[in-house]
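Before we start, here is the structure in question, set down as C-alpha cells.
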Amino acid sequence: MAMLEVNNLSIQFGGLHAVDNFHLSIEKGKLYGLIGPNGAGKTTVFNLLTGVYKPTEGIIRLDGTDITGKSTIDINKAGVARTFQNIRLFKEMPVLDNVKAGFHNHHSYSTFTGILRLPKYFKVEKEMNERAMEILKVFDLDKEADYLAGNLPYGKQRKLEIARALATEPKLLLLDEPAAGMNPNETQELMDTIRFVRDHFDMTILLIEHDMKLVGGICEALTVLNFGQVLAQGNTAEVLKDPAVITAYLGA
Amino acid sequence: MSFISYLKDGISLGSIYAIIALGYTMVYGIAKMLNFAHGDVIMVGAFVILAAITKAGLSPLLSVLLAIIVCTVLGVTIEMIAYRPLRKASSNLAVLITAIGVSYLLQNVALLIFGADAKSFVTVIDVPALKLFDGQLTIKGITIVTIIACIVIMAGLTFFVKKTKPGRAMQAVSEDRDAAQLMGINVNATISLTFAIGSGLAAIAGLLLCSAYPTLTPYTGAMPGIKAFVAAVFGGIGSIPGAMIGGILLGVIEIFGRAYISSQVADAIVFAVLIIVLLVRPAGLFGKNIQEKV
Amino acid sequence: MKKSLTKTSKNNFITYAMVIVVFVVVQTLSSTGNLSNLLKGLLVPLCVYTIASLSLNLVVGFSGELSLGHAGFMCVGAYSSALFSNVVRDAIPSVPRLIIAILIGAAVAGVFGILIGIPVLRLRGDYLAIVTLAFGEIIKNLINILYVGIDENGLHVAASSAGLKMAPGGKQIMKGALGISGTGAIYKDIKGQFFLIGVILIIITLFIIQNLVNSRSGRAVMAARDNRIAAESIGINVTKYKLLAFTVSAALAGVAGVLYAHNLSMLKVSTFDYNMSIMILVYVVLGGIGNLRGSIVATIILYALPELLRGFSTYRMLIYAIVLIAMMLFNWAPAARTWRSRMVERVKGNKPKKEAA
C-alpha cells in the first residue's frame, strides 16, 4: 500500500482554482519530488496535506488512514511533518530545545510533573536530551546545541528545521525548498543528508525544489505541477525529458 | 423626548469618538501599529488651545490653528523617534509597549507643566443652540458643530485617500509595504504623513471633546482614546467609514448605557461591546480578515 | 547535553539564592534597628509587586502576549481572599486562614484567567492587549458596584447597600467603591511575619514559573510564542499552552493580590487600575522580557527608589515613561541590536559564537 495516496484534491480561493484535481501516490521509503514553475501551487499542496488549508474536494490518505480536513496538529500526530519555504524556527530558543519541542507528543509528561519535578520529569528529559543529540548529530548540529536557533547560519537553520520535523517521528516528511538559498557545496551536502535521512530513519520524503540538479540527483519520481494541475508524473528521468515539462519551465 | 435627547447626546459623543477613531484607523491601517499615545495627543491639543487663549491671549481661531500645528509636529516627531526604529523589530510587542511609554510620557509632561487639577476649558465655539419642538428639544451649538465637523472630516479624508496621489500612496503602503517601496513610494514619508493627519485631527478632537465636556486634566485623552480605538475596531480597523459608524454607535451605546442601566458600568458596557465584536466578527463591521501566509 | 541541563538549574538556583540573600540582609538590618519605618512599610508591597511582575513576565516574556489587565487579576485575588478572611475571621486561626485565603485568591484569579483567556487568546497582538485592558476595566467597574454582607441568614450579594436586605445585626463586608476595610486587622497577630510570608510566596512563584518554563509545557509555550504555525506543525496545541501560561500567570497575580489585600486596612478597587497594570509592565520590560531575575531587580529598584527619594515621586511616572521607551528602543530596534552585538564582539574579541544569519 502507498504511504501517501492523494486523489482528486482541489481547493479554490474565491474563483481561483489554486490546486485542481491533484493526485499523487508515494510508496513507502520513496524520495519523491514535486516541481513546477513559480505560482504553480506546490506550497498550496503542502498546506493542504498538512491541514493548513481545508480542501474543497478530494481525499488524502496516509498509510491507509483518511486524514482529509483534519487539523494541522492532528495531521502531525498522524505522522506528517514538514519544513517551510520561509524558515520557521523557534528563534529565541536553543537549538536543542527546538528539537525537544518536536518530541512534544512522543516523550510526554504532565505539566504538574514538570513543575513539581517528579522522577518522571528527569527520566523523560534525559531520554529527550539523548535522542535530540542523536538527531542533531545526523545534521552536524550537535556542537551548536546550546546556540539560539536564530543565531545559526542560514544553511544550518534549514537543517535544524528538518531535524525538528524528524523529532515528531513522522511517517512522511515534507520538505519545502530545502536547498533554497544554499550554495552548490551546501546543496551537495544537503542531498547526502536527505538520502541519509531516508535510509537511516526509513523515511518517505516528498520535497518541493527548484534546484534541478538536486531534484534530478536524488528524487526517484516526480510530479510536475502547472497552474494548479498535474502536468506530468512518473520516473524522474522520463518526466524531465517530457516536452510539456520543458515548455512549462522555459516558456512557450 | 428623553430618548431623542439621549440619542442626540450619543451621536454628539460618538462624533468625537469618530474623529479620534479616524486617526487610529489611518495609523493602524498604514503603519500597522496601535498608537496608544493617540488619545494623549488630543489632551496636548486641548492644553495648547487653553494656554494660547488664556495665557497668550490669542484669538480662538489662531489658538486652534496653533494646536493643530503643534499636534501635527508632535505626531510626526513621536513616529520618527519612538516608532520608526522599531518598525522592523522582531517582536510586534516592542512598538506597542513603546507607544504605551509615549502615552505615559505625554501625560506626565502635561502633569508637570499644568498640574493634576482639572482646568475648566474656555468657550471657543460659540454657536447658538437650536430649539426644536417648541423648545422641548434643545440641541447645543457645540453638538451641531461636532456632528458637522465629523461629516466634513470623513468626506475630506475619503476624498484624500481615494483621489489624491499621497492618498493612493497610503493605500499602497497599507496593502503591501515592501511592494510599495519597490514601486518608488517613499514609505517613511507616507507613514509620517499619516501620523501628521491623524495627529492634526487629534487637535480638532481635543477642541470638540473639551468644548462638549469642559474639564481638562493630563488624563483627559486617555479614556476617550481607548474608547475611540474600540470604535475603530468596531467599525473595522483601517476603514474610514467604519471608524465613523463605529464611533457613533459606540457613543450612542455609551450614553444609553449611562442613562438606562447605570452610569457606573457605562465603561464596562463599552468594553463588553468591544469583546463581543472581536469574538463574533474579529475584523469589525467593515474590515477585511487577513490570514498569515504560510 | 548534560551541560545545558545543569546550566539552567544553576541559573535557577542563583535566582533563589539572590532572593534569600536579600531577605536575610533586610531581616538582619531590620532586627538590629537599622531600617527606617518608611522602608519597613515598603517591604510587603515590594513582595506584592515582585510576584506580580514575575507572573506578568510569564505571559509577556514566555508566552509573548501583551496583557494590560494584570491588575484585574490581582484585584480578583485580593477581593475574593479578603472576603473569605472577613467571613471566617473568628472561625479559623490566622495561619491556616491565611493559607486558605492565598489558595482561594489564586484559584479565583486562575478561574478568571481561564474564563478571560478562552475568548482573549483567540486574538493576536494588539487586539489581545486591548481586550485584556478591557477586561481589567470591566472587572474594576463591576467590583465597584458590588456589595456583600453577612448576617445570620448567610451571605448577601447586591449592587447597592440597600439591596443587601440584611437582618439586624448583619455586617457589610464589601461596600462598593469603599471596598473592604479591616482585613489587615484580622491578621494583627502575624503581621510581623508578612515580609517572611511574602518572600516565601516569591520563592514559590519562582519555583512554579522556572520549573514550568524549563519543562515540556514551557517549551510548548515558547514554541507557540516564537512561531505559531511551526508549533502547530509539530503537533503542539498552541491555544492550550497559551491558555496554560495565561491561567498560571493570573493565579499567581491573584496571590500577589492576596498579599496586597491582607497587608492593608483599606482595600479599594480604584487601586487596581490600568496604571497599576502598566507599572508592573514597566518592571517586566526594564528587567528584561523573559528574564525573571531581571523582573525582581527592576521591581526592587523602580518601586523602592522613588519611594525613598522624597520629592522624586513627582517625576516617578515621567522617568518610568522615559525608561520604558529607551529600554524598548535599546533592546528591540534592529539598529540598536546590531550596534550592541558589534560592541559585544569588540569587547569579547571576535568570537565566532554569535554568527549572524
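Letters A, B and C mark the chains in the order given here, with residues in each chain numbered from 1 onward.
By definition in this document, a residue touches a chain if its C-beta (ideal position, glycine included) is under 8 Å from a C-beta of that chain, and two chains touch if they have at least 3 such contacts.
Owing to the predicted nature of the structure, the values given are computational and were not obtained by experimental measurement.
J.: Can you tell me which chain is nearest the middle of the complex, judged by mean CA position?
T.: So the chain sitting closest to the middle is C.
J.: Sort the other chains by how far their Cα centres are from that of chain A and give me the top one.
T.: Relative to chain A, the chain whose C-alpha centre sits farthest away is B.
J.: How many Å are there between the centre of chain A and the centre of chain C, using C-alpha atoms for each centre?
T.: Computed value for the inter-centroid distance: 41 Å.
J.: Suppose each chain is reduced to the average of its Cα coordinates; what separation in Å results between chain A and chain B?
T.: 47
J.: What is the distance in Å between the mean C-alpha positions of chain B and chain C?
T.: 32
J.: Residues of chain C touching 2+ other chains?
T.: Correct list: 229.
J.: At least two partner chains per residue is the criterion; list those residues in chain B.
T.: Those would be 90, 294.
J.: Where in chain A do residues touch two or more other chains at once?
T.: 52, 84, 91
J.: Touching chain A in the complex: which residues of chain C?
T.: 1-5, 7, 207-208, 211-212, 214-220, 222-223, 225-227, 229-237, 244, 290, 353-357
J.: Contact residues on chain C for chain B in the complex?
T.: Residue positions touching the partner: 60, 64, 66, 68, 119, 122-123, 125-127, 129-131, 133-135, 137-138, 141-142, 144-145, 159, 229, 274, 278, 281, 285, 289, 314-315, 317-318, 320-322, 324-325, 328-329, 331-336.
J.: List the residues on chain A that touch chain C in their complex, please.
T.: 50, 52, 71-73, 76-77, 81-82, 84, 88-94, 96-98, 100-105, 107-109, 111, 113-117, 121, 124-125, 129-130, 132-133, 145-147, 150-154, 157, 164-165, 167-168
J.: Any idea which chain B residues touch chain C in the complex?
T.: Counting only chain B, the residues touching chain C are 28, 33-34, 82, 85-86, 88-98, 100-105, 107-109, 111-112, 222, 226, 229-230, 233, 262, 264-265, 267-268, 271-272, 274-275, 278-279, 282, 292, 294.
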